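Okay, so chain A shows up in both of these, paired with chain B first and chain C after.
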Partner chain A sequence: MILVLSPLFSGIVNKQKNFFTGRIGAPVLQPYYELFKLFKKETLHAKTASFISRITPLVHFTAILSAAAVLPVGFSAPLISFEGDIILFAYLLSLSRFFQILAAMDIGSSFEGMGASREASFAVFVEPIFFFTLGSIAFITGLTSISSIYDSIVLNNISYLVFIFVCSISFFILAVTECSRMPVDDPNTHLELTMIHEVMILDNSGFDLFLYHYSSSIKLFIFVILETSFFGSLGGGNRVLEIGIFILIVFFLSTALAFVETVTARFKMKNIPQYLLFATAIGVLNLLIFTFTQ
Partner chain B sequence: MNNFIVFFFSSLFLQIFSSIFLIVFRNNKKASQVFHFILLIGLVSGLTSVLSSILSETPILFPTDFPIPLEYFRFDSLAFYFLFLIQLAGIPITIFSYSYFNHEIKEKKSVKSTLFFYAGLLVFTQLVVVVNQAVVFLVFWELMSLFAYLGMIFEKEKKEVEIGSFYYFVMSHVVVFALAFFFFLLHRHTGSWFLSDFHMNSDSDTLVPFLYLLSIIGFGMKAGFIPFHFWLPKAHPIAPTVFSAFLSAVIIKTGIYGLLRTFQFARPVSEWMGWIVLFIGIISAVFGIWYAIVQKDIKKILAYSSVENIGIIGIGIGLGLIGSACQSFPIQVIGFGGALLHTLNHSLFKSLLFMGSGILYHNFHTRDINQMGGAIHRKTYFAVFFLIGSLAITGIPFLNGFISEFLIYNGFFQAAKELKNHYPLMMLLSAVALAFAGGLAVACFTKIYSIVFLGSQRTEIKKFYFSFFDAFSLGILALLMLVIGVYPIPLIQFVSQVLGDGFVKGNPLPILSNLNWLSISLIFFALLAVFVILFLLKKIIYKKYGQRTAPAWGCGYEKQTPRMQYTASSFSDELSEIPDSVLGYQKIEKSSNFPYSDKSFSTHSSDFVEEKLLRPLFKKIQAFSLRFQFFKTSDLRTYLLAILLMVIFYSLAGFLWDS
Partner chain C sequence: MISLKIQNAEVFSISQIPFLEKKEFFDSLIKELDNGLRMIGFFPPDPALPQRLVAILSDSRTSFIHIIGGILDKREFESLSSRFPQVFNFECELFENYGFLPLNHPHLSPVRKENLNGNQPYAFYQIQSNEIHEVAVGPIHAGVIEPGHFRFQCHGEQVHHLEIRLGYQHRGIESLILKASPSKKILLSESIAGDTVIGHAYAHCQAVESLSETQISLRAQTIRSIAEELERTAMHISSLGGMSNDIGLAIASSSYGRLRTLVINSLAELCGSRYGRGLFVYGGVRFDFSKEILKTILSNLKTVFQDIAEIHKFLFSSVGSCVRFEKTGVVSKEKAEAMGLTGQAARSSGIGLDTRIQHPYGAYRYFPVLLNSLSSGDVFARAFLRTLEIEESMKFIFEQVDSLPEGRIKSEISSLPPDCAVVSMTEGFRGEIVHSAWTDKKGALMQYKIKDPSFNNWLGLSLAMEKTAISDFPLCNKSFDLSYAGHDL
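Let's look at the complex of A and B:
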């Protein structure tokens, strides 16, 4: 399901963004067309590239996909779930990152080097945020499987509500950073100096680029799922209601993302660590709330 | 079955005996061949005896008529674990040593004495972990340090070698001093010199913290925890790679061995000791790797990364101590188990990476990674092995590093679950610190790998040397890492056997095997399947829609040169600037007006502990000692008088003390 739906979300976000800026914009299904187009294109490899940049798209895609498999999707159980999968989830993301950085440096071009350097630096701050959000519940309840963490959340408890609120902010910041969204990264400019993720895949084309784009839309969707799963219990077992809630929240999130992208300009690269530290600080707050209310 | 004893000691004898051939053969090359061959046989037979003894699980009987006094030795599970570790890392390092010293022989250097020191180092390291008598332990410990020192000064004509080895030398003496004190205290308390008799009785509350303090100073300095890490980045780079690999993979682990033994001696521990070890571990993990990122010298990076990994091991030990203080069985098991596992894992990947750095040094003739580049296009196998090593050390899933880090994270969860109150908060902060160190490690090892292996070559080299023996030794290690990463259960069983023998009361196996090792293996195979399917799909698509190589996209700029690539310093610039005062990170820029081209730009970093703590301290000591310069006369009689006065003083003191 994640495989099918994830490009749709990017499509919705783009459409809404266009709506906010007063344009008509591409159809919602545009990401699918683009992926299909890339799929059919000839693949180019740089002369300086080695086997690293050939296998990376595959490794990247596989890692992201399996990370997604650990998550519950609001109304259905995850594909894989075991105690401790929260650690596996975090480390699978770092596997994908490791290879992506290598692939970027593989070309030996300074553009990609720039992206790789930025990715490596910002990623350092991303993992702690993850532990501060979902991890904090794991530490309080002792549950170490993501789906059971979500199951343990009760919505009628005030501290959980505050927690969800704080987590949502953190997840939002994470999503923005990890998925090359506006205040951190701007994938739409035509200046390599201002980009992070897009500049790393500058020399990829065809099937490789297809995999990269596909996995980055899955990655964005992962964060959406992380958010929606908080409200999984609202449906109360009713499948239709659960799906309805899911769609509602997804729509709400895409609107938020599009809105933020429209009203903010990209940060200076130097300021991004501060932006991420802000998310970390919120995470600490989150934790204090938990420690004192329980 | 007392075969083990005979087998083991004869394997040790074979290892030391191998150095005879260094004298027998005049020809350097032939001597090295025979030496390494015999040494390897010794190691392999040692490993076989250890393994068969572990697997058979029969108690070891000591033969009565044995030429060596056997009561000085003890073969418990912890000793076996470390023997296993030393031999497992020692075998590939020895294979590598052959091809490494071949290079030196080609350059007409005399290697015989250094080879002898290597054999001595191997033997005494193995003896250190099995010895049962405190004084003999200290003697072997000192011999081990000495052989390492002697091997380190292989290129003694260089200034940096002189400095680096001096750091090591001073460090090992401070360590021995602390350890001597440590053992004397234990002896005074228990009245025995045997390690197996060192148990605390009820009135030892005041002694235990003191013992831990000494142990952290002594063994911790050998292991390289911050703030005692200063010798690592000095001593590793200057030693021949064989020795730096052995130092990092094995010698610093003897410090961990000592810390674990301390836990066996000194119980009950109070909780704050656990917190101290945990805190030191976290500091070492985070700052060790942060220092590593700033460096340009590949061996320095690896040395600092050893500090990080020792920190992770320390986190495990700290958790175990906390668990012991809170009388929680699972926390102890997971904490100490994680520490033990990571000790073995680190010795595997770190020896691989160090050996890789030796191969790079022989090819590029420099340790500065900014001069390297594009090695992946020269030797693919080498690049693959080094990649596996880098992935493993960052704790990426399905390699052995992940297994031990997974265990330690689980320890955090366990501690948070069992001990409520403020524990979840502390454990979460520790987990975040470990995750942070993990992120930094990703940055650090992508940096090494991409600067050294990827892109295009920065300096021209004609032929890339990568011998069969290099490939073989790296290959064994890479394979081991993969096997442990995918199927860790046998190792987990071994670890729980060690824990059951002298660490915890009860059977630790259920707790360790309750974690989902099998699902990790299953996920690995599922992922592998997805990967293979995608790979085949990719082949089909390439056939259908075409694929070709073209020059890299230069944004309209045609004349790309290798010098324009991202360098080590530029890659890590953003991360180095954040804590620049701690890292001593500076950018030095010299510029001149346009037509003159004597521009230069360099970055520089220094070690906080060395610059801010050690140097001022030694300056103070120096200034203090200079005050006594007035003694320095040319008159011999003054010195004699001083000696006489001292003798009288000591005799009086002894006399008064006795009465």
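Let's look at the complex of A and C:
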């Protein structure tokens, strides 16, 4: 389901963004066409690239796909689930990033080195956000598997509802950063000097680029699912209602993403760490307040 | 101080210029530059006699243009660039085009050619350090923009030096204009820079008309000025759109795009081309305003006038954009003066320089515009100044359209006089455009020099990038919005 639906989400966000700026925009299915086009194309490698650049797209894709496997999609059970898979999930994402940074350095272009250094330094700030949101829920419930954490969320008292809601806010910031969307990174920019994520794949083409694009849309969708799943228990065990809520929240998120991308300006590069630390701070405060009010 | 003082677009005989000995020439040049005059031309008036040089300087306080002539027995002289950085590019150009060697020049580099002489590859300015890394961008860019090569010396994200290499668009316009037939000359001047069609065509026509002492009717002059202000409005809007796009503010960038279309469509109503090509002829303009055209243009502009205020408000009250704009890419007034920045970039750094005011021409002699300037010299100043200038331009258009003088739109032009010259200046949307035409004994053009504002201002961009984050480069670049073609000629 993730494999099929993830490009659709990017398509919806783009369409809504165009709607906000008064344009018609590309069809919702455009990401599929683009992926198909890249799939057919020949892959070229830079002369200076070693085997790392060749295996990275596959490693990247596989890591993200395996990370997706531990997620409960549409509140149904995930493919794999075991105690501690929350750590696995976090580090599968890190693994994909690590290889991407390696590959970017490997090619030896000055832009890609720049992008790699940016990605690496922001990654330092991104990880705490993850652990202070999902991790703090795990801490409270004492569970360490993503699906059981989500299953344990029951929004029955006010303080817990507020806690989860605040978690979802800092998670949104995390998602925006991880998926290199505005206001941290601009996926539509063509200016190589300002890019973070996009600049690392400048020298990839054809099938490799297909893997990168595909995995980044999957990554975006993973975060959307993580976000949505906070509110799974609102359905109260009713499958139809749960799926209804799922679709509603996904749509709400895409609107939020498109809206944010339309009306905010990108941050200055040096202000991004502050923004990320802000999200971490929210997570920490949130956890503290919740523990003390219980 | 021995120099010839003339006004903008005033014809003079070449024999009036006092040609001084080398030492005297440079002494008076240094004296004039010390007095705060700006260099706007430095070249031999007769390419067949290259040892005779003229330096053209503009004095914004007295509205005079000073011309100093000098005779050099050898093609070399002591460089002035270290003392007066504004001379830097002029000296490089003199070396490249006429083989004059400026001795002790701080960094003699080609202006439009690939390398200085021979097949030696050009040596870029480099900072020697293990921690400095070099980033090269262009000449082929990711977007659909003109070619230019940028070489950054960076320490981490911070830029310490930016070197800009241009010349990829060099077409040899100056020599093409000398050879072309009169009707083609205007076409050539219109294509100097695709976004300053009116500014350059105006400067060219004004030069030729002044040389032949042709009187232009007030109606034609007003139509020219309205077209020029339309161009200014449209291009400023498009720069603002580009800046919003660079900070990722999609809503502002698409709204500016929509309004710019309305303005350039108004220009198309008048002359059939959205950029104003074909409007200018020697002696006046080719197209006249009819009632219907005026009505469409006015209704277009009223929409723009109302809507643009809203978008300005959104853009400049958004915290995100102010954070990006303010204190980014600062050029101080002292630096801007020393580098001889001109036009919009100079006015953003607190220098009140506007050809329409200091060297008034055409309709601006009778209907002056207000001078706008800001002092902070950052991206914000360059952006906000555009909004002020858009407003001023639109007010000018509304006033002129209301009281359009009657009269013919075109007068006959006579032939060019022998041994005469003229310096014709106009204010394009980027700043001062200088065309200077020189005729020989038979009354044919023997030298035609063009200076686009970009010629001065590209160095301003280099200055702005010092100690600025490399990720802010696209924004700084767009805030200057300079022309590659106008520089390369």
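Annotations for the structure displayed:
Following the convention adopted for this analysis, the second predicted complex is superposed on the first by the 293 of 294 C-alpha atoms of A that agree within 3 Å, B and C clash if a C-alpha of one lies under 4 Å from a C-alpha of the other, contacts with A are read in each partner's own complex, and residues count from 1 in each chain.
Quick note on the criterion: contacts are C-beta pairs under 8 Å (C-beta built on N, C-alpha and C of every residue); 3 or more make two chains touch, one makes a residue touch a chain.
These figures come from a predicted structure and were not determined experimentally.
In the superposed pair of complexes, A:Ser152 makes contact with neither chain B nor chain C. Shared-chain residue A:Gln30: touches no atom of chain B or chain C. Within the superposed three-chain model, A:Val59 lies in touch with chain B and out of touch with chain C [touch as defined at top].
Contacts of A:Ser110 after superposition on the shared chain: both chain B and chain C are touched. When the two complexes are overlaid, the chain among chain B and chain C that reaches more residues of chain A is B. Legend: residue contacts after superposition of the two complexes on their common chain; A:Ser168 is shown touching neither chain B nor chain C. Using the contact criterion defined above for the overlaid structures, shared-chain residue A:Thr255 touches neither chain B nor chain C, since it reaches no partner. By the touch criterion defined above, A:Leu88 reaches chain B but does not reach chain C. Note: residues 110-111, 113-114, 117-118, 192, 269 of chain A belong to the chain B contact set and to the chain C contact set alike, using the contact criterion stated above.
Within the complex formed with chain C, the chain A residues making contact are 17, 20-23, 110-111, 113-114, 117-118, 182-183, 186, 188-194, 261-271. Chain B makes touch with chain A in their complex at residues 373-374, 376-377, 380, 383, 387, 391, 394-397, 402, 405-406, 409-410, 412-414, 416-418, 422, 424-425, 427-428, 431-432, 435-436, 438-440, 442-443, 445-447, 449-451, 453-456, 515-516, 519-520, 523, 526-527, 530-531, 534-535, 538, 541-542, 545-555, 560, 562, 564-566, 570-575, 578.
Against chain B, the residues of chain A that register as touching in their complex are 39-52, 55, 58-59, 61-63, 65-66, 80, 82-85, 87-88, 90-92, 94-95, 97-98, 101-102, 104-111, 113-114, 116-118, 120-121, 123-128, 130-132, 135-136, 138-142, 144, 192, 202-203, 206-207, 211, 269, 273, 287-288, 290-291. Across the complex, chain A is touched by residues 133-137, 141-143, 156-157, 244, 246-251, 253-255, 258, 318, 320-321, 323-324, 328, 469-474 of chain C.
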